[in-house]
Structures are given as structure tokens and as C-alpha cells.
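Next, two complexes with subunit A in common: one pairs it with subunit B, the other with subunit C.
Our next item is the complex of A and B:
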């Protein structure tokens, strides 16, 4: 397969396949397990849901700055980017192969493009198992090579995939991107509108949006929703190499941060920034 | 969800397979491949039940204009007939590029 022609510049307007192609060095995009392999979910059709021939995940090989790279891109428009058995395996499998390559001294640059609500509910337990594999693979791979995640929007990144984002060595976000364990609608549904009004866009983005997440050190780079800017940030992350200590290893630091919070008082985005430091990132 | 199937006589071979679109709300994906026979075969899986006649009309019109010995697979998430026609045209264009 050849890469689709790129004319637009907004990263979020691109499909997962186009995003992967746009990110890789020009002309190096090559899809593995592509649409014509028809590796679709066997669980959707019996439940009355139309499957997609790629199960909503694009596995792309190519180069980044001339170095071997693999991009795993979730298509947020298909089932909200929900991760099932097949789509999860299409993320975990390449990460495990990347780990094997790294252990043999042939590192490959792994990039995750995350547009996902987390587990696909129709495949609940199988999705959970797949996510556990994804998490384990990222943690193991991080020891060898930076694993770079991108949360550009418009779906955002939630649930178990938000944990995957948190495990990445380096996380790139746009202002439109959102990152959180539970999505705003789930919180409103479970805890009531008094707890969180999921229609309040300002509140939502001020809490889990890319700007807030970068300012509080949960993400590393805030970039414009622009193909060139996202591509630049991903390349810069690999050029910088792995962080001195991964976020996932800083248990004490984050426990201390949580201990600072007075849960008897309401907490908003700006209060959290004051507590956790504006753009402070001393990793 | 409903699965529909259509056949059309065709003679012109397809040079290259093509995949366009996404199975996202109001959109569809089209997989177009060369058919092994002098016939076109279309399989549609659609989230919207009861639109068999509309699919028939859209595809009749498409094959009236395109003599294409193709195997076409459509995964549809409730696209309008206009969107379907555009995606089919896009797939044909892609298969010729």
C-alpha cells in the first residue's frame, strides 16, 4: 500500500492511517496487517455491530529521522477508538516485537497515536487482557528506547489506554486533546452533575485538556494541532532520549503530590496547577 | 445490523485494489478488489436496517456508470446515499491511480 496524499495540515482532521503516514519520514509509510488482511473483530457482528476491516488500529512501519520506526495509530472514529481483542493485539504485538528487536540490539522507535475511550465494551474482558499486554510491553520497552505517545484529539484518551499514555516515556498533547482515567460523561453519570458537568467545556478542558496536563507535568509537550508541529515534537522526543526517570517509576513523588491535596476542599484546574507547579518538569 | 448482497454483470478488469473511508458515524469504508469472474459482487454490512432498496438504487446507478469487474465490500455506519456514492467514486479513482 502507498501512503495517502497529504494536503491538509490539521493533525486531528486526519484518519489514523493518514496520521501514521504523515508522521513518518516522507515515502517510508508501509502498513502491516492492512485492511485487505481483514483482521477484524469476530465479536462485533454477533452483537449487531458493523466491524471494520482493520479493527480500528493501523500498524505502520517506516522511518523517523532515518531511524526504523513503528507507529500504532488508533482510529477514534471507529467505535470511539475502543480497544478489543484484535485491535489490542495489533498494539501489543508490535510493541512486543519492538522489545525483542531492542533486546537484540536493533532498537526501533515506537509511537502510539491514542484516540480512544479505552476498552471496547462489547469485548470487555478480552479488551482488558489486551490492555494488560499493552501496558506490560510499554514498561518493558521503555527500558530500551523511548516510547512516545500522542494524544491529539478529538476523542482524547481514556480508561486503560490513559494508563498506557501515562506509561509512555514522553507524551505529546494538543490543546484539543484530553487525557483522563474516566471520561467526563462517565463521571457525570456515576457521581452526578453536581460533581462534574460534562457539558461544561471550559471546566473539562481546564481539568483534563492538553494545556492543563502539560502544565501539571502529566504530559511533556503541548503542540499546535498541526501535522508538522506534532511530527516535530515526536522527533524531538526521540532525539532527547529516555527521561532520567520514567513517570511510572516515580511512585514516591506522585504519592507525595496526592498527599498535598486537601480533599475536603473543592479543587479546580488552577488550584492544581498552583500545587503541582506550572510547567514544572524536573524528571 | 443487516448484511446485503448484490451482483452486476461486468467486463472491465480492476487494475488495483483500493480501501477508502472509515467505519465512523455517518461514514463507511469501501474495500474494492479485482473480481475473479466477469461479474461485480457487492457485500454490504450496514448498521441501519431496512434500507435494502436504497442500497439497490445507489449501486444500480454506480454500475450503470462504471463497468467494473470488482469485488466490493462495504462496512457502513449509517452513511447517506450521497456519501456512499462519493466513497464508491473515490475507491474507483484510487484503484486507477
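Our next item is the complex of A and C:
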């Protein structure tokens, strides 16, 4: 069994390609549809946006603890990790192939590295269709093998990809990571600064940050922003196997959780931790 | 009355007034010989979470849809899975602090998971778009269907964000957005442009979307019956049909090219 090189490197300082390589067993990284194939988005240039030769998603095959794996890493630095037609297909397509392999009795470990603001607005409905296909593949794949998501930062995970994160069997986050449907700026724009001040970092991370999400059971593991720690958490998730019931299938639990919320009272992150923290409400 | 409610009542034959929450209507009925569970998200001025009072698909709505869909899957577990019809008229998701804190993304994931699970279990899932189909709300309620039908009507729109918000986020005027949409059908709002992307099973023409008469309802019921039987006949439980369409070969060619390359390179 080959473990990744032990280095004290911040995971969030790595590019998507470096993140994928760092997670996989040492020397097993192999990129599919790499940058030299120049499969870029055909929709950006006509709208005055310079395309990227990998469209901001890295598809990597390799091993995790000696088992076949596929890592799909979104590059948050390109267009905020926005999902367009090509980048979306580079996530849905490998998941569909992983499903095909699993159905043939050759399961493969799927990992999603999620740094994305959601659908790329320039490609709009093409992104919407791609995301529906990503969701469909995750739900089907989860029946065979755990699907592990990582939200490390610095972009966070929002929009339709946050729904994808919600479908994952196991979710790893760092303190820097944020997970929510609508980003803080969009909420401030749509509902006003009184609803949410998008510049109030303490408030934002106390609401949708990794520590809050894991404390309330909306994510599973909180790890340091360190390559070795993230790699360890991903391996541990596969070693643990699938959850007894996926979070997105826990209807009774979450309907009960919502039922006890009194909307006439103010609610913040720490108040919610008192209610939902450490499975309080399940005891 | 919202279009979602109008069409739900016309098709299901009930106002489902006992619904809990009142924003998620669910009733069992029939289409031809098929047993069908109809589902719709409608405005509820009394909603517990105020930002979901105008038909937005929020926390309670996502989990309630999941419950209704999963109940049907469990009840039909020993065979004969009934059809599910999602009547789609959703202006989007709520934008709010409390919604994010309480895991809105997970509520939407719950609905996605439920519909996809039903589809995989052999339930024909049909989405009928009668009004707005916006963003996360459409992903949660409609996009996991085996078949998507839509009324051909100017009020039927599919997009990832309202036009007003898109203009603000992209710092473009609404007029500029309309110009771009002429060139890039994926950014347009109208249902005819969406149809060009190949994901629609059928566009239903000549129906009054706001005030349907008996004849209009019959036209839609016929289309539903055809979609359900086509889904049963085809037997595939994934979404691959969307990319197999003629339109997709033209307007989603990059999606197909990526998949072709992946197959070639997958095993190294």
C-alpha cells in the first residue's frame, strides 16, 4: 500500500490538478482529457470570456489505498469554479462510467473536490442540464460505493453543486470551506444587507462554514487545511463504507429537526448547534 | 391562483387542502389506465418560513416532496410502481440567512434523491412544466424525471436565475441579456429555446396555460399518458435519453464529445 508523500502543505494552496494528484496514492495520478487536448468551452469566447484548456475541471484516475479511484476536481480559480457544458460533462461523464463499472462488479472510488459557485451563468441551461446528470449519477452510484465530497475552500461550494454535495455519502470539510445553496453575496443582493451582510466573515463562517456544518451533522468530518489530513479523511471515509442511511434520505429526521425550529425567535449558528449539535435531537 | 395549483387541481381532481405543509400538494389519481401520484409546489401565504410564501421551493418543500415521493416508492415496493407527475411552476429557491443555516442545499438534495430513487426503482417520473422552472427549484422538482413535458406558452420559462438577478450579477442590462440569448440559446428564458437543447420529451401546443378548459386538460392528460407509456416501454431508468436526442447532437455536442473521449481514455 502506498501512501501519499507526507508534507505539511496547505490543501487550499494547491491547484485542482495538484489536489487530485496529492490525494491519490503516490505515482498513480493519470489525467483524462488533460489540458493538452484543449477541450475547452465553445461558449465563452463569443461572450468575451477567455476559455481555459481544461475548462476548470480535472478528471484524474489513480488509486486510493490500492483501490481504483477517480477524482473530479473543480478549479475554483477559473470563473469561480462555475459549471458549464464541458466542465459539467467532465464531472457527470466519469461518474456515469464509474456507475457502469460498479454495475459490472468493478467498483471504483469516486471523489469530488468541490470549489464552485454553481452554474456558470454564461452557459446557463447547459450547466443546469449537466448538473441534473451529475445528481442522477451520484444517486445511482451511491447504491454501489460511497461517493466522497471534499469542500476545502477557498471558493466554497454553492448552487447546484451544493445539492451534489448534499447527495454525497460522506462530506469532508475544512474550517475554511463553506457549503450553502445561495452564496452570501447573492443573498445580500436579493434579500438586502439586513438579511445577510456578505462582508461579515464571522457571521458567514458561523452559518455555512466547515466547523458549523460538521457540528450540526450537515457534513461528516472536519479536518485541518493540510494535504495529509485531507487525504487521510478521504481514505477513512472509504474504509468506513457507505452510511446506514444517506443524509439526503433522512426525511423523518430532518422534518423533525425543522419542526422544532421556532421562526418567531431569532436563530443563529450557535443556537442551532445547541439544537442539532452532536446528534442532540436524536437522543 | 398559481398555474401550478390550477394544473394540479385540474389533473388530480382535488385541491389537496389537507396538505402539510400547505405549499406541497400531493394526490393520487389516474391517467388512462395508469395510477399516478401528482405533486406540485404552490404559494402558501401562511408558510412557516416567510421567504417561501410565493411558491419558492424551500426547506419544508424540499423535505415534503422527498417524503411524498419516498412514500410511493415504499408502498409500491412489491411491484407495480405507479407513475409520478411533477407539476412544475417554481419561481426558484428562497434567498435567506435562516434557509442557508438550516441546510437549504440539503432539502433540495433530498427531493433530488427521492425523485432519482423513484426513477431507479422503476416509477415513470414525468415533469410537466406549466410555468416557471427556475434554478435549484427545477433541479429539485422536475429535472430528475424520465420525461419532461412543457406547455408552449410565453409564461413557461426555464433558467438558472431570474433575468433581473442575472443582469445584476453579470453587470449587463436586460436588453444586453436578450441580445446574447439570440446567439446562445442556453441563456434564453423561453421554452422554445430550452427545447433546442434536447431535454424535452414534448412541447404541448395550443393549450391555455392560465385558464385551461376541459379540452386543454384532456390534451395534457393524453400527453402525460403517452409520456408514461413511453417511459415504461423504453425501460431505461437513467437520463441518457436527453443526450440521445437529435437536438442534443446539435446543441450539446460538447457534452457528447467529452463522454466519447472519457470512454476512450477511461481504462488507460
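Rule of thumb we're sticking to: the second predicted complex is superposed on the first by the 269 of 283 C-alpha atoms of A that agree within 3 Å, B and C clash if a C-alpha of one lies under 4 Å from a C-alpha of the other, contacts with A are read in each partner's own complex, and residues count from 1 in each chain.
The rule is short, and it goes like this: contacts are C-beta pairs under 8 Å (C-beta built on N, C-alpha and C of every residue); 3 or more make two chains touch, one makes a residue touch a chain.
What you are looking at is a predicted structure, and each value in this text was computed from that prediction instead of being measured.
Participant: Contacts for A:209 in the overlay, against subunit B (first) and subunit C (second): which applies, first, second, both or neither?
Facilitator: It touches nothing on subunit B or subunit C.
Participant: Answer with first, second, both or neither: which of subunit B and subunit C does A:35 touch in the superposed model?
Facilitator: In the superposed model, A:35 contacts subunit B only, not subunit C.
Participant: Examine A:146 and indicate which partner it touches, taking first as subunit B and second as subunit C; both and neither are also allowed.
Facilitator: neither
Participant: Name the contact category of A:131: first (subunit B only), second (subunit C only), both, or neither.
Facilitator: After superposition on chain A, A:131 lies in contact with subunit C alone.
Participant: First (subunit B), second (subunit C), both or neither: which does A:50 touch?
Facilitator: Touch partner of A:50: subunit B, not subunit C.
Participant: After the superposition on A, what does A:75 contact: first (subunit B), second (subunit C), both or neither?
Facilitator: first
Participant: Looking at A:15 after the superposition, I want to know if it touches subunit B, subunit C, both of them or none. Which is it: first, second, both, neither?
Facilitator: first
Participant: Determine, for the superposed model, which of the two partners subunit B and subunit C contacts more residues of subunit A.
Facilitator: C
Participant: Tell me, which parts of subunit B touch subunit A in their complex?
Facilitator: 1, 17, 19, 22-25, 27, 29, 31, 33, 45-47, 73, 75-77
Participant: Going by the contact rule at the top, pick out the subunit A residues touching subunit C in the complex.
Facilitator: Touching subunit C from subunit A are residues 30, 32-33, 37, 39, 41-43, 46-47, 59, 61, 85-86, 88-90, 93-94, 96-97, 119, 121-133, 135-136, 139-140, 143, 159-160, 162-167, 179-182, 186-187, 189-191, 195-196, 207-208, 216, 218, 246-251, 254-255, 257-258, 261, 263, 267-269, 272.
Participant: Show me the residue ranges of subunit A that touch subunit B in the complex, using the header's touch definition.
Facilitator: For subunit A paired with subunit B, touching residues are 1, 15, 34-36, 45, 48-53, 56, 75, 77-78.
Participant: Going by the contact rule set out above, which residues of subunit C touch subunit A in the complex?
Facilitator: 48-51, 59-60, 63-64, 66-67, 70, 93, 95-110, 112-114, 116-117, 119-120, 135-136, 138-140, 143-144, 158-161, 165-166, 168-170, 180, 183-188, 193-194, 197, 199, 238-239, 242, 252, 254-255, 257-259, 261-263, 265-266, 268
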